[in-house]
Amino acid sequence: MLIVKKFLRDFPAVLGLLIITAVCLIAAFAPLLIPDADAVYFGNIIDRLKPPSAEYWFGTDNLGRDVFARVVMGTRGALIVALTVVALAIAIGVPAGLYAGYTNGWGSELIMRVTDVFLAVPQLILALAIAQLMGRGLESAMAALALTYWPFFCRTVYGEVRRVRNALFVEALQGLGASTSRILFVHVLPNVASPIIVRATIGMGFTILTTAVLGFLGIGAAPPSPDWGLAIAESREYLPESWWAVTFPGLAILITVLGFNLFGDGLRDLVDPRLRRSR
Amino acid sequence: MTRFVLRRLLLALPALFGLLVLTFIMLRVLPSDPSAALAGENATPEQIAAVRKAYGFDEPIWKQFVIYVGQVARADLGNSIISNRPVASDIAWRLPATIELTFAALLFAALVGIPLGTMAAVWHNSPFDHVMRVVTVGGLAIASFWFAIILQIVFSMDLGWLPLRARYPDGVPPPTEITGLYLVDSLLTLRFDQFWASFKHIIMPAFTLSLGGLASIARFTRAGVLETMQKDFVHYAEAAGYARKRIIWVYVLRNSVVAATTQIGLLFGTLISSAVAVEAIFDWPGVGSYAVSAILTSDYKAVLAVTLIVGVIYAVVNIIVDVVHAMLDPRVAETL
Amino acid sequence: MSANEPALLEIENLVTEFGGGKAFLGKQQPIVRAVDGVSLQLKPGQALGLVGESGCGKTTIAKTALGLVREKAGTMRLEGRVVSGLAPKEARAARATIQYVHQDPGAALDPWWSIGHALDEALRIHGVSDKSERTTRIDDMLHAVGLDPSFRTRYPHELSGGQQRRVGLARILVLRPRIVILDEPTSGLDLSVQATVLGVIDELRRRFGLTYLFVSHDLSVVERMCEEVAIMYLGRIVEIGPTKEIFARPQHPYTRALLAAAPRLEPGSLNDTPALPGDPPSPTNLVSGCTFRPRCAFAAPKCAEARPPLRTIGDKHSAACVRLEEIGAPTPA
Amino acid sequence: MMMGEKPAPVLEVRDLSVSVGTDEGEARILDNAGLALMPGSIHGVVGESGCGKSTLIRAILGILPKRGRATQGSIMLGERNLLDLPADALQRDVRGRAIGFIPQDPFQALNPVFRVGTQLLETIRGIGNESREAKKAHVISLLKAVQLPDAEHALDRYPHQFSGGQRQRLLIAAALAAAPGIILADEPTTALDVTTQLQILKLLRGLALERGLSMLFVTHDFGVVAQLCDTVTVMYAGQTVETGPVAQVLKAPSHPYTQMLLACHPERAKELAGIPGAVPSPLRPPPGCRFNPRCPSARAECSAGQPPRVAPQPGHAVRCVLHLDEAAA
């Protein structure tokens, strides 16, 4: 298929895909990678703040816990949080955007005004406020992130649907007498699906980053969770001597988010329907 | 033009009203018992009752809203639980610090990002372009708080070139307050020593903050220039004998910058978001660090006040961006 | 087609307007009267040309006749039944036997679906439930427009301009319409491809007894394809009649200027044809009386008084000008 | 020039072949193309899409795409071969200076965010050392010459404030700004309405006569060639198949392609049938005469070598074997 050939030529996108698959595998088989599961939560104090060594690949943190084990377990947490948030954001944003884009009654106006209000406040600030008001903890952080991210999907879908709705082929279909629902789901949705996929991929990376910030600020995951942001915050005081406890979780964030960004970037070029369907 | 500005201001009103409604709902709906939350964790029942009366929580909802709007109009957003000072004045006092930081970051991001993006587009698919693409994607993937810590380790702990934290050396009087922006005030008062001191303090936070902005400005400038290069008026300019350098750096760049202005408005939002973490790490006395401390002490009034005020600033910035965009693009100003 | 045969389609005093909305606090959008009182008839099997420059309203008439745009005033009768005054959805249903071929048929096809699917869907929308009937009708139609059935699996972007035009035709023909509105069917096509497409259009009319409303700005194409032609200027018909008659003896000053300006295959005709001054004005600020008078070489005070009615000057040949007699015979082109 | 001897052409393309690199391989777009522009004359270049006329224009102006290059032949501007000139010399001395260019779509050719004055002055930037005021006056005089209404204030306005016809007049003035001897027009009236087109064609002819300009007029519309041009070259798939006086070519087209093309024109078509087959792709062009796969009177030698240049009448040349016998007989 032409699309696969073109994708393979785009090296950064392939690299992105490889990273994502690696991260997913790590998340899925985390327990196998860590000999004893409780090394994640309990470490012996005497092994405290040890540099990376054969025994502790990433060294140990201030409580003597194996940084490598915590980073690996953190992968699972980060992916699950990001997936839930993006899924929730899509579940709210896409139907709203679809409806607002295709119809032009007061309903669509209302949805777009509400979206504008949510987008009027920088996302993290709003998320912080919502998270705090709902009581701290991972669940409220995830709800806050989803609540502040759905408007981005809504606006993307709205713009795409409006563009497609004014396209000539929709007018031609109306000319043929096709029903609105048929046009919407058989024709508009496939043309809109691609930008949603691109947005979702970039969204995964973005959400992992934002969750890490919440974790760092102590608003997201609570100790002893192996959350990357939290790990960085906890080991910050022991700098610059024990640099490893800070560096490796940060690198984990960097590589994972990089993977999603590269793959999302590559997808954006492939969104052209010409490639997707021809021989 | 004034007609356009006036119209744009009036257009912003619904958004601000929406902001009021949003914050109102957040306070009333999200926490289980709003008055207990407002009164603070270890407040006495009497204090909680006093809060309930002050905010009229037992009144009908619309009446509560009227009270709330009245409070916001009087800039009475309640007192902070810790400092017991009016939250509004706390934030107002800290605002210039955040504005100076975000503008420094935005300025740096634009001054470096736009030329980088243009060159990447002009030498399309060259090694420079590929390197630039990886660097920018990487720039967007770096967690700003982690990068800040790395900078601290290298430049202040190890090399000791730059101060570890804070906005100004301790114990030394800051520049006399004119605009509240240290860099500007120190220049206005021709105190170059103060300027240098403030400059050394702002480098690391501003650079950390600008990383994400620089990456996205470079990316959408590159996309904008590439798209503009395909336009007919570029082919015509070439055929009519315009010098190639002028085609790129005058004609193509201006078109893509005009298109980029709206993106910069959106970018300002993400800058303020990441300012929260960056200010916390560098103990930068801005609204961001204030928000963090407010959250950690679950000082609801402060958190809501920050949301409201940042929302207002963001609306003002978007108006400024739209006005600048209208001034740059003659077609826009005429239609409104 | 004898003269007294009942008209298939009758349009009387059609008016279509756009704009008029007011952006919040923005400028009041001017009301644009794209079609300003147009009447015309279509006889079965006839091809009526609608000719005029951009902004003259020819495409708006076509879209209003089809029912995509709602007319502001005027009545429309299809086979004797009144079909005007309906919302776009009902209007389309009532006028099912009218179909429309878009100017850019490539864009009128969903990029995600193959040609076969697009044709199949047209039939399904019109209630042809039996799969095999749909397949045979699609193959016949692809063949009728000169395309090999293998085109069923091809995608819109893989086709050339000429092939896209034929698919556009096939797509509406499978629905066995009686009236086909062709919107600039040859614009943007090379001469040789244009000839093939016009050949197909001609052949389909003869074979299926179709009636054409042929919208175009290319005078030589209309002269070749249509028995009758209506010349449009700023939303009004300024002259209508048999093509041969109008191309030989144009009456209305605008028709004369238009025919003179159209490039012919005779060399060196540039020097002696006077160019019409000025640009086609926008339909937002129409002048009183005859809207062509600002550019007309024969304009006189009385032209500004009232809108010139369409006066008959020959067998079904009429023109909207109050000074036809005074202007006299057209100067040799 | 001696008596009787033909005046030398101001611009001559000789046996020019151009190929452009693409992902699927080398596209040999121009193949032995040749034409001559006589002083003070308007020469038409007509052909359907894919015949290489815009590549010819870009070759003359020296702005071939990055992966494009001339593989053989020359483009003579007087004594200089433009193919040998370095890029900066082409930009400084040829484009805009020796050859003025008029684009096809006036709605897209002007930069929307710059004033019209800035763009018009750009073409005479660094030419002569008059003050900016003097250059402005010069441009305004040109705007009057192209009959642009309210010429004095035009420079301060923006492109979207002009109609299509007015924008094309602005672009004509821009092309004349550096007083070039040659004008190269790329379908300048295709995007305009018929009545506006006539205005522009009459303006171009008037300016050419008044200022002794030679003009190369590229179009796909034979009718426009008939109206405006003195001589014409017909192109097919990158080859210049026929050249001659317009009246001659219209009355007695000699190359099979020109004959079939004119037969497709609605004014002449007896029965509406196009030309069987399709334009060959420049990636896999047929050998020899590129029309031979579609040519009803094709012969064996047509696909062997380059078709010969034959002149059935003086000044009327055809690249076709058929006329070899006539010329010889």
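A, B, C and D are the chain letters, set down in written order, and residue numbers restart from 1 in every chain.
Rule of thumb we're sticking to: a residue touches a chain if its C-beta (ideal position, glycine included) is under 8 Å from a C-beta of that chain, and two chains touch if they have at least 3 such contacts.
What you see is a predicted model, and the numbers here were worked out from it, not measured in a lab.
**Student:** Just tell me the minimum hop count from subunit A to subunit D, counting one hop per pair of touching chains.
**Tutor:** 2
**Student:** Between C-D and A-C, flag the pair that has more C-beta pairs in contact.
**Tutor:** Taking the two pairs in turn, the one with more contacts turns out to be C-D.
**Student:** Distance-wise, how many Å sit between the C-alpha centres of subunit C and subunit D, to the nearest whole number?
**Tutor:** 33
**Student:** Could you give the separation in Å between the centres of subunit A and subunit C, each centre being the mean of its C-alpha atoms?
**Tutor:** From the centre of subunit A to the centre of subunit C is 52 Å.
**Student:** Roughly how many whole angstrom separate the Cα centroids of subunit A and subunit B?
**Tutor:** 22
**Student:** Taking the mean of the CA coordinates per chain, how far is subunit B from subunit C in Å?
**Tutor:** 55
**Student:** For subunit A, what residues touch not just one other chain but two or more?
**Tutor:** Expected reply: no residues.
**Student:** Which residues of subunit C touch subunit D in the complex?
**Tutor:** 53-54, 160, 162, 190-196, 198-199, 202, 217-221, 223-225, 257-258, 260-271, 273, 275-277, 279-280
**Student:** Flag every residue of subunit D that touches subunit C in the complex, lowest number first.
**Tutor:** 48-49, 163-166, 193-199, 201-202, 205, 220-224, 226-228, 246-247, 250, 260-262, 264-269, 271-275, 278
**Student:** Could you pull out which subunit D residues touch subunit B in their complex?
**Tutor:** 57-58, 61, 63, 91-92, 94-97, 100-101, 103, 105, 108-114, 122-123, 125-126, 158, 160, 171, 174-175, 178
**Student:** Would you mind writing out the residues of subunit B in touch with subunit A in their complex?
**Tutor:** 14-16, 18-19, 21-23, 26-27, 30-31, 37, 133-134, 137-138, 140-147, 149-150, 152-153, 157-158, 269-270, 272-274, 276-277, 280, 291-292, 295-296, 298, 300, 303-304, 306-307, 310-311, 314-315
**Student:** Which residues of subunit A touch subunit C in their complex?
**Tutor:** Listed in rising order, the residues are 167-169, 171-178, 182, 186-187, 190-191, 273-274, 276-278.
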